[in-house]
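Here chain A shows up in two complexes: once beside chain B, once beside chain C.
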Partner chain A sequence: MNLSVTDLCLTVDGVDHLKNVTATFRPGRLHTVIGRTMAGKTTLLRALAGLQKVDSGSLTRAGADFLKTPVWRRDTAMVYQQFINYPHLNVFGNVAFPLKRAGLSRDEIQRRVRQSLASVGLADFEKRKPSQLSGGQQQRVAMARALARGTGILLLDEPLANLDYKLREQLRDEFKALFSDQGDTIVIYTTTEPAEAMMLGDVVLVMHEGRILQTGTPQEVFERPATTTVASIINDPPMNIFAGRLEGGQVTVAGFQATHVSAHLADQPDGAYQFGLRATDVSLASSGVEGEVTFVEISGSETFVHVVVGETPFVVQIEGIHDVALGDLVKLRLRPDRLFAFDEQGTLVRTPSYALASVEGC
Partner chain B sequence: MAQLDIVDVGHAYAPGAEEERWALKPLNLTFESGKTYALVGPSGCGKTTLLNILSGLVRPSQGRVLFDGVDVTALPTKARNIAQVFQFPVIYKSMTVYENLAFPLQCRRWDKARIDAKVRQVAEALDLHDRLRQPARGLTADDKQLISLGRGLVRDDVAAVLMDEPLTVIDPQLKHSLRRKIREITEQFRPTVIYVTHDQYEAMSFAQELLVMKDGRAVQQGTPEQLFEAPSSTYVGYFIGSPAMNFLTVDRNDGPFALGGQPLSVAWDIPQSTTEVQVGVRPEYVKIVTDPGPNTFPGRLRGVSDHGAQRVLEVEVAGQPVRAKTPREEGVPVSEEVLVHLPRARALPYADGKLILRS
Partner chain C sequence: MRSRLYPVFKYTVIALWACFVAGPFFWAMTTSFKNANAVQGGPTYIPWVQYKPTLTGWRNIFGGAGGIDVIDPFINSAIVTIAASAISLALGSLAAYALSRYRFKLGFIKNSDIVFFFVSQRIMPPVVLVIPFFYLLQWGGLLDSIPGLVIVTVALLLPIAVWVMVDFFNGIPREIDEMAMLDGCPPFQTFVRAILPNSLPGLTVAAMFCAVFGWNDFFFAFRLTFTEVQTLPQAVVALNSSIPPWWTLSAAALFGVAPLILLALWVERLLSKGNLSGAVR
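The block that comes next holds the complex of A and B.
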């Protein structure tokens, strides 16, 4: 029973929150919706849950008009970024709450609560109150409550956003196993983090300013980003995008003396392009274009060095943790064989050769 | 700016508690003048207690706090000449941006021209110079937080700037730019900064040195690079870096170390008497190779996690899990049987959870 979304639109004070959103969500699949804050992710989930009215468009499930289905019949559970639990109930009571409301038998409630608490690793915490739990444990309780209901649709709105990195890392791994076990449930999971979208998603939907820009497998979206905006959103740090010219397979970047030969671009027509290069495909080297270090940040086990060459900002990703001083002059080596080529409007025209086969019909 | 020394300082919130239960176990630390430090660790590790002892909000159960050699243990916060930035911006809502920044200087009876020059210099650095006449209450949370920081920086006699999770209420999109701004400013004005955060990556991006705390103890102090390359305990190996460091239990039967019956060559020597030894290797240094060789062990591929530009391969070697981080273009091994190389120079020895010194 697919959940189909067609041309969903919502405008608030002249700003598009949802703009012609069209998507098909399938049972047994985990769909990750990635986008920056304010991209429309939460609005989309709320519209699916029936908590948000839309201006136009349709929602259908198994042929029925889902927009006309009241919230309580939508067979949907939702987990929020800010974990919500009933403070006066213990963990068991929190998970059992919706089941009691649904009028299930005592035995059935006990069976479901125990099972879902075990699946989130909280089997021994039944008697605790939420205030006696850490943030990660509280979010697990919220998750267990959603799972215990066994709804056909499970909506997760940035469930890891308020947790610290180590916990996020751990829960990401746990979620992966947990969700692969959910049978025919449609799972929709929003996130701002590319790695999370890639790791968890069977299908990735890239959202920006209320629109869905691209839908595909993690590999398709990562290796064949449809536009410069997608390339920027699906990479962390965002892909380096810069303007340049291509002539006979030679790339010239504005403000750079050097030209680069990119064999995979040899049969592209000459002209102006936008080029994309991942932070992992730029390195600090003993020769190359010179730039100034403007910022250094560390994420996980990587160092992101922000460098400005003339007017063009670049991010360089180095493995491991390194000390690079702000204001240093450094030389950058760009890997010409790793260039993505986009047209001037930002539409992908050619990928590096290691990526999935080049875009058809371009 | 001052050097801050913590001499045998310990603290128990419940008087008479045995030392094992103290929020902060007795310790000695030095925070050098003009350097930036971050205190990191899980909640309840003692980092906020330590910060509050430095600011004077908490009087330690034992030990002394020295600012440039002067004992300030008994002094209240206002006599310590420190600037504080809290989770929530603290601004004077009825004042303009300019007045907010000038206020601490007026309190210190600086003359007008000197105040003006200093306020403008700091406002320039904070990118608030074009909004000096605006009422402070209309600003966004991140700009208000910059004012809180700016009020500390205008006083060039301030002993230290203490920050407690200053980015908590900031929108994720703006965190990056505010973090950058704070770092630029501290590089320019060189105050002694002690920064508390639960976010280890924020800490590493910001501070020259980190102090990792756990259960009321300082586990390791060092530069981000030192913590990454040579974690002093398995805890730091787990806490710093993503994914965490791998730890493999190795055997030694009167001879060289071995993993799954095959010799493991290491760059260190440790006493025979050491009971159980674990070898720590970062996932970044574990290599999946095609040819057998020294320190190369048969493994079984258990899982692949696609992170984008990198993949994390989960491999089992001698019955133990090992993670290897590989660049995307290397692809995924075609066979479940793989060869795992642990570079000699990157394998560190741990016993009882502690790094045993290399010889």
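The block that comes next holds the complex of A and C.
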């Protein structure tokens, strides 16, 4: 009962919303689709649900043409980013709505609604109207309704995006538990947050400008990002991407040559490359690549220093609070053993050895 | 100084306007309890002091000698108004839902043009419409009949219903429709089960407008019915003779607006209680 997407395309006003999207979604797996806003994530979900017509491509479920199946027979539930519930029905009525349409018996409906509401922690809220609930509770009702039917496909479109930080973390953990006993359901979950994508997903699909750039396990995508774009999407803060030269395993960036040979790049041919380095692998030092501080974010436990070297922006993540002023000239130390090497077109050619080991070891 | 005088000014304006609006009503109220002598004696307003109240006017409208019986016209008006409003609301909300949710295109004609077409029927002066309506009803054998009057009234009320409801449906998030469809509802069920129940405020307002316009219509009833069917406005006007019996006319007019006043009070209570509002965030 796979859901297969082949070459799905949709262009609106000359902008590609979906461009040759090809993917296979499997039952019992949680697929997270990560991408920035406007990457086409929502469009993809809407196309899968039948709410959005596509220009070309095919969609098959268990061998049958899914594009010809009307929305109301697609056996699909969806949770929206905005907390969408039926305003005229109370919580019980909301969760029972699809079950009534499916023609279940009263007892069965009651049993399933109660069970579903209990699983999202809203057992005592049956009689309330959605407007009397908080945002987090409203989203739980939407979730309970989606789960109660036990549909074959469950689509979640950034369900946590409009919630506050604390609630988001709490619900994310609850969702993980909920999804894990969904049996044969195909779950597809979109998000803009790398941490969410990797924590929840069995499979991560990275989307950008309507295309799927990479599909893999969270580790594969994180440790072996296929392109510079994937690398910057899947890291938070985005991976630093910069141009440099490699000569005999020694990296030169912005006129500054590393003192150490990068062992994993030693047998790589000399020439121009794009390098990727996570924000945690860059630090402020007494010598190194020189740049100017443009922005400083202090989160408490970490300080994010934004530095521009020539025209290339860098983000440096350092522990603790550091007093760095805007306009300061600083020197960056780049860890040579942590460099990802991409060719000039941005395709991955070499990962740091620690990353390689962790992917191959799993 | 503005802060001191402003409330005085404000309440003066409100009070003057209230007098202007309530004045005719008060005049009709006092007149309906007078007899011919009291009316001809010049304007008087305080019962028992300035004139002796009588029930002549009120007796006259319920079949008293020299008066009329308003019961039959009242029933006719009620049937026409209720039937035409119900049909207009039913057809109007269907049309409005389609116009709100689906894109129509015929050459250069788009949704907004269709909505304007509906509204434009109310822009046209009724005089223009009455002649074609006359011929249509004549052709259908429906002149001077309740069904004929209902059809014509629907034509008048439908634009109002469509206009109010398109606006209302546009305010309901489309995601509700989408969710209902995902939850297993084909389009018509989506409308009936997910959208209509959330449209009570809009339906109430549209019904209110339909009722007022339908109930007060004089012109079409006057031109399209003759002897068999008489509506309330017609009956009131029929009282007009060379020497108008003001007391009877007043009683009939008050009797005629009473249902609308009750309706308005009821709707106002519904809306203010919040029974209808807040359905959709």
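Throughout what follows, the second predicted complex is superposed on the first by the 338 of 362 C-alpha atoms of A that agree within 3 Å, B and C clash if a C-alpha of one lies under 4 Å from a C-alpha of the other, contacts with A are read in each partner's own complex, and residues count from 1 in each chain.
The rule we apply is simple: contacts are C-beta pairs under 8 Å (C-beta built on N, C-alpha and C of every residue); 3 or more make two chains touch, one makes a residue touch a chain.
In this text, all values refer to a predicted model and were calculated from it rather than measured experimentally.
Chemist: For A:Leu67, is the partner it touches chain B (first), chain C (second), both, or none of the two (neither)?
Modeler: Neither: A:Leu67 stays clear of chain B and chain C.
Chemist: More residues of chain A in touch with chain C or with chain B?
Modeler: Ranking chain B and chain C by residues of chain A touched puts B first.
Chemist: Which holds for A:Phe97: it touches chain B only (first), chain C only (second), both, or neither?
Modeler: Touch status of A:Phe97: second partner only.
Chemist: Pick one for A:Gln317: touches chain B only (first), chain C only (second), both, or neither.
Modeler: first
Chemist: Check whether A:Tyr80 is in contact with chain B, with chain C, with both or with neither, and answer first, second, both or neither.
Modeler: After superposing on A, A:Tyr80 lies in contact with chain C but is clear of chain B.
Chemist: In the superposed arrangement, does A:Arg36 touch chain B (first), chain C (second), both or neither?
Modeler: first
Chemist: For the complex, give me every residue of chain C touching chain A.
Modeler: Residues 173, 175-176, 178-186, 189, 193-194, 197-198, 278-281 of chain C touch chain A in their complex.
Chemist: Report the residues of chain A in contact with chain C in the complex, numbered from low to high.
Modeler: Residue positions touching the partner: 49, 51, 70-74, 76-78, 80, 82, 84, 86-89, 97-98, 101-102, 131, 145, 149.
Chemist: In their complex, what parts of chain A are in touch with chain B?
Modeler: 36-37, 134, 161, 164-166, 169, 173, 176, 192, 194-195, 198-199, 218-219, 222, 234-236, 278-280, 295-301, 317, 319-323, 326, 354
Chemist: Which chain B residues qualify as touching chain A in the complex?
Modeler: Listed in rising order, the residues of chain B that touch chain A are 42-43, 171-173, 176, 179-180, 183-184, 187, 198-201, 204-205, 223-225, 227-229, 238-244, 282-284, 305-310, 325, 327-329.
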